[in-house]
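Look at the two complexes coming up: chain A is in both, with chain B in one and chain C in the other.
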Partner chain A sequence: MLIYIGKRIVMALMVSVVVSFISFMILNLSGDPAIALAGADASPEEIQVIRVQYGLDRPVIVQYIEWIGRALQGNLGVSPYFNMPVKDLIGARIGVTLILGTCAFAFAILLAIPLGVVAAIRPNTWIDRTALTISVFGQALPNFFFGLLMIIFFGVILQWLPISGDDTWKHFIMPAVALGYYASPSLMRLTRTGMLEVLGSDYIRTARAKGLKTFSILFKHALRNAIIPVVSLGFVQFGYMLGGAFIIEYVFAINGIGFLAVQSIQRADLPVVQVIVLLLSVIYVSMTLVADIINAFLDPRIRAN
Partner chain B sequence: MSALLEVKGLRVDIPLEAGILHAVRGVDIVVERGKTLALVGESGCGKSLSVLSVMDLLPQKAKWRADKIFFDGKNLNDADTSPMANIRGSKIAMIFQEPMTSLNPCYTIGNQLEEALLTHKQVSRKDARDRAVFLLEKVGITAAASRLRQYPHQLSGGLRQRVMIAMGLMCGPPLLIADEPTTALDVTIQAQILALLAAIQKEFDMGMILITHDLGVVARIADHVNIMYCGQVVESGSAIDLFNNPLHPYTQGLLRCIPIPGKTAPGAHLGSIPGMVPTPIGQQVGCVFQNRCEYVHDPCRSSIVEATRISDGREYNCLLTPEVCRTNMSKGLPK
Partner chain C sequence: MMETAGPFKNITFPTPKQIVYRKAKRHKGFLIGGTILLFIIFMAISAPILAPHDPYEQNLDTRLIVPVWHAEGTWNHILGTDNLGRDYLSRLMYGARISLLIGVAAMLISGVIGTILGVSAGYFGGRVDMIVSAIISIRLALPIMLVALAVVALVGGSLMIVVLVLGLMIWNRFALVMRASTQQLRSMDYVNAAKTSGCSTLRIILTEVMPNILNNLIVVATLEITRAILIEASLSFLGMGVQPPLPSWGLMVNEAKGFMLFSPWMIMIPGTAIFALVISINLLGDGVRDITAPEGR
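What follows is the complex of A and B.
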């Protein structure tokens, strides 16, 4: 088990390095950072001064090594727009994003897994159909649109919930639901399919032949086997909720990483964008790592490989 | 003393788009205490469905009913007596055809063995573990204590089937059902597992239902045999009598398929039964074996063919008299 985890961590680190390198290159290819810094109406001489001042005249590979070296020491650079260290900008916003992502993930799991299990126990009944309807809506509605509908209904008409900001827990309800609901259909369908397959398996017949209680058959024997692909997908989606909630944070004016990312891209605030891209890749890679470790804990055959 | 298990008139129907599939049509099963009953027949004849109905483990779609079902003196058709879940595993244990997939891959052997006992009896974990070790040794597994920590994927098919047998024995059930327990195993392992089942059955004095299509196996370990064809028991009797004196044309056909060392000449053609099993959808008029029978005559196609009782436990479903049947067998097939 420890060897397995060790191998996975080494692989995750390698993936992070490669992703950070590629994203650094692409960002440098997508526009001249010196022009962005100097402003649109700067003269070529001014741009050249900036280019030398920020070390942008050197080869990209050298810039990358310097940047990643500083980043590893905790120096993430300075945002020219805010004139503040990027570390402080991120630090001030990451908490809000974590809360939103975690709430959305919890909502998605709590909606998807019970519905998926119930739909699998009673396939092709009204329960299954209801669950299917819920998931079709979730899949078909873009999350920002669902967010806007909720704002109109719960925020404007009923005035139950605040529609923008992140001051109280009430502010997180609608964005978390919007974000989580969008992620839940695929998790639910995967749970349903997995449970249906597992419930028809030989070892479930064995469990029934042993006279086990229905609860033990469903949750001890069936769900543990059926949940493995759901864990893999779920944590990728958790990564998306933590790092990719750009639109939802924007719609609900939540001052998190996603909001900062959208603003920084508009302002061509390259140091900030670069760190956010790096952060996202680290989040995705670590979520995949967490999913792998949980699955290895659930299924001994995975640890054996 | 009454029989351990007595089922009369068992029927299993499976609704399909093409009509109702009468998979089991009025089967009687009687298992005496400490004796082995073999259910023999080709694939799809309803052997497995019959025992799965007794365990109430049929797929949801299939519906079963029986005129009478008594186990250990209790009427299981009576809703007031203990529900099947309390009997499954504790009083009737079952082992299956597919040892490779019949154990849960996520739990250790020990966990799955102990669970079988802990579900039904108020015993400590330690007692359950001791019983598991004891039974693993009984079924011929070495280093039993350390095996408890292993997972199914670390064991071979033969070992997994031994684990399944040990798991069936955890509660000391009076009846063990083995549904083609050796079909998925290597030939050498098959012989070991069968010898083990026979030995275990004697030692624990259990009743056993053995489902198989291997007549050689039946001859070695069964006391009583039900020959099944197309959802019916076409002939039943004690193993010795049935093998020496097969009456039903189907049983005779099966026995002709077996080469006998010393008697069957090298290179000689083995017997075979022509034709295919009919799909049992809808009601069938006349004898179930009429399409494939060498001795079919007009009444077979129209009359209701019911079991003819010759002596206690010796029955066959054929319109021919026992004398004619015996002559047929000794004469060989009509040319």
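What follows is the complex of A and C.
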């Protein structure tokens, strides 16, 4: 067990390092940070001066090693646009993104698991078909469009909910629904298939034959086993969701790191973008790591290997 | 129809093709998805003939005309006009070309990359599999939407750039599915037979492995077309994908955002178009999967 976890941690660290390198290269090769620093109407000479001043004339590899070295010591660099440490900019906004992510995730789970379970108990009925329709819609509806639809309906026509900002809990309802809905289809399908498989197994038949109550069979015996892959997919989805949250943050003007990333891309403020991409990757990798470890704890078959 | 000998001489069994055809005729999702998609493709192809107006022509006298189902609507502009007086229906029809083009082109690029990676990992196993798996987990760890947005924005948005970025970045599902499907086939008798009869590896992969994973490949391909379409729409919606004046549906939603309060239909029309296109392709893909699955699964 410990060896398994140890191996996973080493893998996760390796993936994080490679990802940090690749994203640094991609972003540095796509845009010239010196032009952004010098401003749009700087002459080539001025840009060259800036390039030398900030050390941007050296090979990208050298810059990467320096950047990652400083980052590991807690120095995430300075945003030329704000003239502030990137760490402070992100520190002030990450909380909002995590709240949004958590609410969205809670919504996704609350939608997906009950529907998945009910669909599996009554396969090929109208409930099952409704669940399927909800998941098919969720996969096809662009989340920015869903967000705008909710703004038009609940914000403008009914005026029930505020349409932008992040001041009160009410501000998080529509964004969380828009973001969470997108993550729910895969969770729902996995719950349904898992439940169907477990409900057809021998030990459920035994439990039924023993005369156990349906409720106890469904929740104590079936769901506990069917939920294992859903839990691990859930963590992965959470990491993935944070990576895609920027569109929802943009639609609802929520001051999280995603919105900051979009604005920083528009301003060509590369140091900020670099750190946010790195942060989101590390969160995703940690989430998959947690998923693997939980999986190992919950499933004795993995534990034994 | 195949004839059988013996006492059951008069019974004819349907050929595999007939079974597929029969299943397709009964599959609702496949039929609905196929119909919507054919309609959208028809619109896209015949846009130069059928579009009532030039999608780029601005006319400040005819700004913000409402669609025909409103009281003040006019049949001259069935879906109304945007804030620059451009005919919305014509823009929508030309926009279908952009979505379809980006979806298919990005899928082809990512399909080639993903299939090569996945098939070699599944076929060779061992160290090749380890390396490919590592590449896939690294790719998955990148917040791909954000990276795509950054690259397209920094390099400069154009149709070509969007297609290239999406194609080069979003091949993970191809790789995963092709790897799994090839693994299942690797130890099949007919693959071993081909090996013993001295076929080259490339030939085994092309003539023994590929035909048998083609169904899965088609299903993934449809899913990947819609993913590319959705990401393009998102990037364009953020104003950093396809650039104006091209009538990308995502960009149309972006341009309509400022008129959300008084002209919500400006968002609804292109938004619904994206939704309809994506759902039709998804239904078609699910249908292909169900129809081509062997009996009883």
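Definition applied: the second predicted complex is superposed on the first by the 298 of 305 C-alpha atoms of A that agree within 3 Å, B and C clash if a C-alpha of one lies under 4 Å from a C-alpha of the other, contacts with A are read in each partner's own complex, and residues count from 1 in each chain.
The rule we apply is simple: contacts are C-beta pairs under 8 Å (C-beta built on N, C-alpha and C of every residue); 3 or more make two chains touch, one makes a residue touch a chain.
No experiment lies behind these values; they were computed from the predicted model shown.
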Chain C versus chain B on the shared chain A, clash or fit after superposition: fit
Contacts of A:Val273 with chain B and chain C, given as first, second, both or neither: second
Partner chain in contact with A:Ile121 - chain B first, chain C second, else both or neither: neither
Which of chain B and chain C A:Ile22 touches, first, second, both or neither: second
Between chain B and chain C, more extensive residue contact with chain A: C
Angle, in degrees and to the nearest 10, that opens at chain A between the C-alpha centres of chain B and chain C: 80
Touching partner for A:Ile9 - first (chain B), second (chain C), both, neither: neither
Closest Cα approach, chain C to chain B, once both complexes are overlaid on chain A (Å): 13
Shared chain A surface residues [contacts with chain B and with chain C]: none
Interfacial residue positions of chain C with respect to chain A in the complex: 134, 137-138, 140-147, 149-151, 153-155, 226, 230, 233-234, 237-238, 240, 250, 253, 257, 260-261, 264, 267-268, 271, 274-275, 278-279, 282-283
Residue numbers on chain B that touch chain A, as the complex places them: 55, 57, 85-90, 93-94, 96, 98, 101-107, 115-116, 119-120, 151, 153, 164, 167
Of chain A, residues touching chain B in the complex: 201-203, 205-213, 216, 221, 224-225, 298-301, 304
Footprint of chain C on chain A - complex, ascending: 11, 14-16, 18-19, 22-23, 26-27, 30-31, 136-137, 139-145, 148-149, 151-152, 156, 242-244, 246-247, 250, 258, 261-262, 265-266, 268, 273, 276-277, 280-281, 284-285, 288
